[in-house]
Amino acid sequence: KDYKEPPPAPLFEPGELKSWSFYRAGIAEFMATFLFLYITILTVMGVVKSNSKCSTVGIQGIAWAFGGMIFALVYCTAGISGGHINPAVTFGLFLARKLSLTRALFYMVMQCLGAICGAGVVKGFQKGVYESNGGGANVVASGYSKGDGLGAEIVGTFILVYTVFSATDAKRNARDSHVPTRTRSDNFSPQYFGLDVQLLAPLPIGFAVFLVHLATIPITGTGINPARSLGAAIIYNKDHAWDDHWIFWVGPFIGAALAAIYHQVVIRAIPFKNRS
Amino acid sequence: KDYKEPPPAPLFEPGELKSWSFYRAGIAEFMATFLFLYITILTVMGVVKSNSKCSTVGIQGIAWAFGGMIFALVYCTAGISGGHINPAVTFGLFLARKLSLTRALFYMVMQCLGAICGAGVVKGFQKGVYESNGGGANVVASGYSKGDGLGAEIVGTFILVYTVFSATDAKRNARDSHVPTRTRSDNFSPQYFGLDVQLLAPLPIGFAVFLVHLATIPITGTGINPARSLGAAIIYNKDHAWDDHWIFWVGPFIGAALAAIYHQVVIRAIPFKNRS
Amino acid sequence: KDYKEPPPAPLFEPGELKSWSFYRAGIAEFMATFLFLYITILTVMGVVKSNSKCSTVGIQGIAWAFGGMIFALVYCTAGISGGHINPAVTFGLFLARKLSLTRALFYMVMQCLGAICGAGVVKGFQKGVYESNGGGANVVASGYSKGDGLGAEIVGTFILVYTVFSATDAKRNARDSHVPTRTRSDNFSPQYFGLDVQLLAPLPIGFAVFLVHLATIPITGTGINPARSLGAAIIYNKDHAWDDHWIFWVGPFIGAALAAIYHQVVIRAIPFKNRS
Amino acid sequence: KDYKEPPPAPLFEPGELKSWSFYRAGIAEFMATFLFLYITILTVMGVVKSNSKCSTVGIQGIAWAFGGMIFALVYCTAGISGGHINPAVTFGLFLARKLSLTRALFYMVMQCLGAICGAGVVKGFQKGVYESNGGGANVVASGYSKGDGLGAEIVGTFILVYTVFSATDAKRNARDSHVPTRTRSDNFSPQYFGLDVQLLAPLPIGFAVFLVHLATIPITGTGINPARSLGAAIIYNKDHAWDDHWIFWVGPFIGAALAAIYHQVVIRAIPFKNRS
């Protein structure tokens, strides 16, 4: 047995509030979510404002923007903050006790602030275009019920958070690496932040986001990230966007919780193991 | 010689029926095939229901959905069940004696159940749209004979299963890793489940699925996965879909068998070696 | 200095004619080129026969088919034959003395045979459609001179073969691996076949093929692979295709030679080093 | 602590002017930027000259050409020159003292020369088409102010250079590799050139370029690379292109400087550490 289950994170860990790496992680989450909204909402605007989708990067290009940004940003910030960039991911990892409640709340606030700023910069480019084209806000498309939208958000977030758990599983990492896990004697413990610093994990995580967008853009525009939905809604700020907004918090959080339960109970069978 | 051919799996292995990991593997196959059908058939529906393919992710987007889901799901479930997600893959690996007959049949049943549920959820979103647009079921397109469809399924599945064998070859793994294979003293033996836990294998496997879709969507809609074809056919359930349905079982199984023979006889020359 | 330049391959190596691995490598090249033409020409047919490119995978989908197949096939056959799948690659590696003349000629014959069979199977699906849509054969598009076509083939093949050399450089491999190169005491020597068994090399090589197609499909349909051009031309077999055919042999061979010279003389400075 | 911060590069290092590897690095930067402009501008021409974008690789194909070439070229030249292929990247790495001023200026000159030659070859194919379709030169699109264009260039280059820093971080490399960094006793020191020879770094870097193009092609055509903008402007050489040209030098250099500051000050906290 060449791996060791990391102990569950405490709910409150006063020590981390005194370390620079805690605040740095929050800044990294802010910056990543800012850049995420900037690129993705700008891509959405470029597509929706054009009459002929053929002369734009198209709906598929929008899906690449969301998935590709998550790939690049998880790659860049995994070693700093764990690379969540999404309150639903933070929530799922918190349920699995991979990070403290303090850290989880701090991350979520920073993600939402970053998302609002990112969408705001996009609006700054062309205010009229932004407002007349929906502002990239998530709404349930006509022809679908609110239940459809909620279901799409639940399953979509399940796929994302399940991929995060699978790709960053400590047991798997030990197995994959073909070398004994090095003893971590420094006080930087990547597992603690939720995402192990794993070489290839960002690729399936980014692909999961891309794939959910391919499937559910016609239904809800695809949220699966409450910070992304909140940022666009606040900057767009019309009734239309706020009516369905609860779906993009309730759906992702339910999906993330189901993924955490599935991974911890079914795949890892943690409740049935003796604690060491 | 720094690798060791794993011994062939027994046809029946009573021991595995008593282990939780056997049932967990089946659940993982069910879940993966469920998510596979959910995302892919939902993407197909989004494209076919629109008059202008330009305002959707397009046929290329459909190909990405199929290939990308296989990439992400193989990555996530390789360590749990081997990540087959396809009865043809299970059949090919069974012929190469990589898993027991019991396990192979259990996997196939779980894959088919997962596929039916996945297609069912998609139908639940928009029943009318689903039924008037073919339900994502595989049929031979007009202009092609049934022989064309069968041929396309055989060669397509050959490419997929040949990639699975090449990418997960135990000999290759030892060679690639540049470090001596670690002695596997635990009772988890990944090769046994068909797919070694290999870092990059999911990428060419997913790409193989993507590429076969690029080429053969105009011919059959691309099956190369009997569970995917069965799930869509059962939920769509019209004569049209059932008429050609045998092609999507016979073709993939012949293709998988040819790939198993090609890899074991030509590439590995196993019949000509002395058993140690 | 933790790597060792492999000695140049002899022109004729009688020993390899007696080994099964030599013939197996030829079979693998045949099979890979067969599958390469099958998928790519079938994708081309699906796009060109449709009036509206929007309801197909599009020209970009064609580029993905060519690049993606090279990625998957190099990944699968690198350990068996070096994964050339292209007489121009074989020629470039032969000039750098990475394989014997006997092996180079054998590979080229097998590649051309595989390509002819692959294109033939595509024609078998819909003979009329195949013949009325150009059969996937490479010709210089109207508006471009033969010199343009030749230039596009030279630079395109340069990019491909330069990527092959860079990605499989023995010096680089030693440097990248961060562990001492293991002593190869078995009689399998991957460098000898031209492509080292390197984990990530297939990805940039496949991308190079994809990118050259993005740029030069409007000029020549993109050859950069004489076997691919020959296979389509023989099966299509109309004057139109044969008129420009020399371009798709002369161009790729010049490009491959330039890439071999650039890598060996400029990058590796081999002529200026003392031989050990 | 298993990594060591490399010491800052001196401003002038007379020794490197006498080494072949210095000039070879410049040639590699020239060649890479030449091939980069050749493929990307040729792809742009193929798309813009067609009335129906549907029968081309589309705007998304242009984004793939830019991002994919950076991926392939960084992979191929990282071990030779660090794989900058972009004066803004060179500038950012110079500010972080990863290479000498002499080397930085030499790289920038070679990059610009390569870009001019690459765009020139594209013009040689179809001079009339080139001149009547904007020549791939970067300009601020109508509907956007010069400030919008400058902002888009700043944030876009920030994303690229931030990804370069994150992906090639020496601290991260040590952590990721799971083996002690090998003592570099040879006089080749990859960190010195700016980009460590890291296995996966080219992928997020290429993706960053792809993503910025998805978002900002509608605004400026996307520069984020002064050599690319200069090469196209010089070969196109019309007032229209020169009017906005300063934006594509000032924007990228500001963006690169901000990324260098963000990474060195916020992420690495270098100013607050004691020098050893």
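A, B, C and D label the chains in the order they appear, each numbered from 1.
The rule is short, and it goes like this: contacts are C-beta pairs under 8 Å (C-beta built on N, C-alpha and C of every residue); 3 or more make two chains touch, one makes a residue touch a chain.
Predicted model, so just to flag it, every value in this text is computed and none were measured.
**Student:** Common contacts of chain C and chain D?
**Tutor:** Expected: no chain.
**Student:** Since chain A and chain B are copies that touch, is their contact same (over half of the numbers shared) or different (under half)?
**Tutor:** Comparing the two copies, chain A and chain B contact each other through largely different residue numbers, since under half are shared.
**Student:** So, comparing C-alpha centroids, which chain is the farthest one from chain A?
**Tutor:** C
**Student:** Since chain B and chain C are copies of the same chain sequence, what is the angle of the rotation superposing the Cα atoms of one on the other, rounded to the nearest 5°?
**Tutor:** That pair's rotation angle lands at 90 degrees.
**Student:** Quick one: chain A and chain D, Cα centre-to-centre, how many Å?
**Tutor:** 28
**Student:** Rounded to a whole Å, what is the gap between the Cα centroids of chain B and chain D?
**Tutor:** Roughly 40 Å separates the two chain centres.
**Student:** Counting only residues that touch at least 2 other chains, which ones in chain D make the list?
**Tutor:** 52, 54, 58, 60, 179, 199-200, 203
**Student:** For the complex, give me every residue of chain C touching chain D.
**Tutor:** On the chain C side, the touching residues are 1-2, 52-54, 58-60, 63, 143-144, 148, 151-152, 155, 158-159, 162-163, 166-167, 169, 171-172, 175-176, 178-179, 199-200, 203-204, 207-208, 210-212, 214-219, 262, 266-267, 269.
**Student:** Taking the complex as given, what residues does chain C use to touch chain B?
**Tutor:** It comes out as residues 20, 24, 27-28, 31, 35, 38-40, 42-43, 46, 52, 54-58, 60-61, 64-65, 68-69, 71-72, 75-77, 79-80, 121, 124-126, 129, 177, 179, 181-182, 186, 188, 190, 197, 199-200, 202-203.
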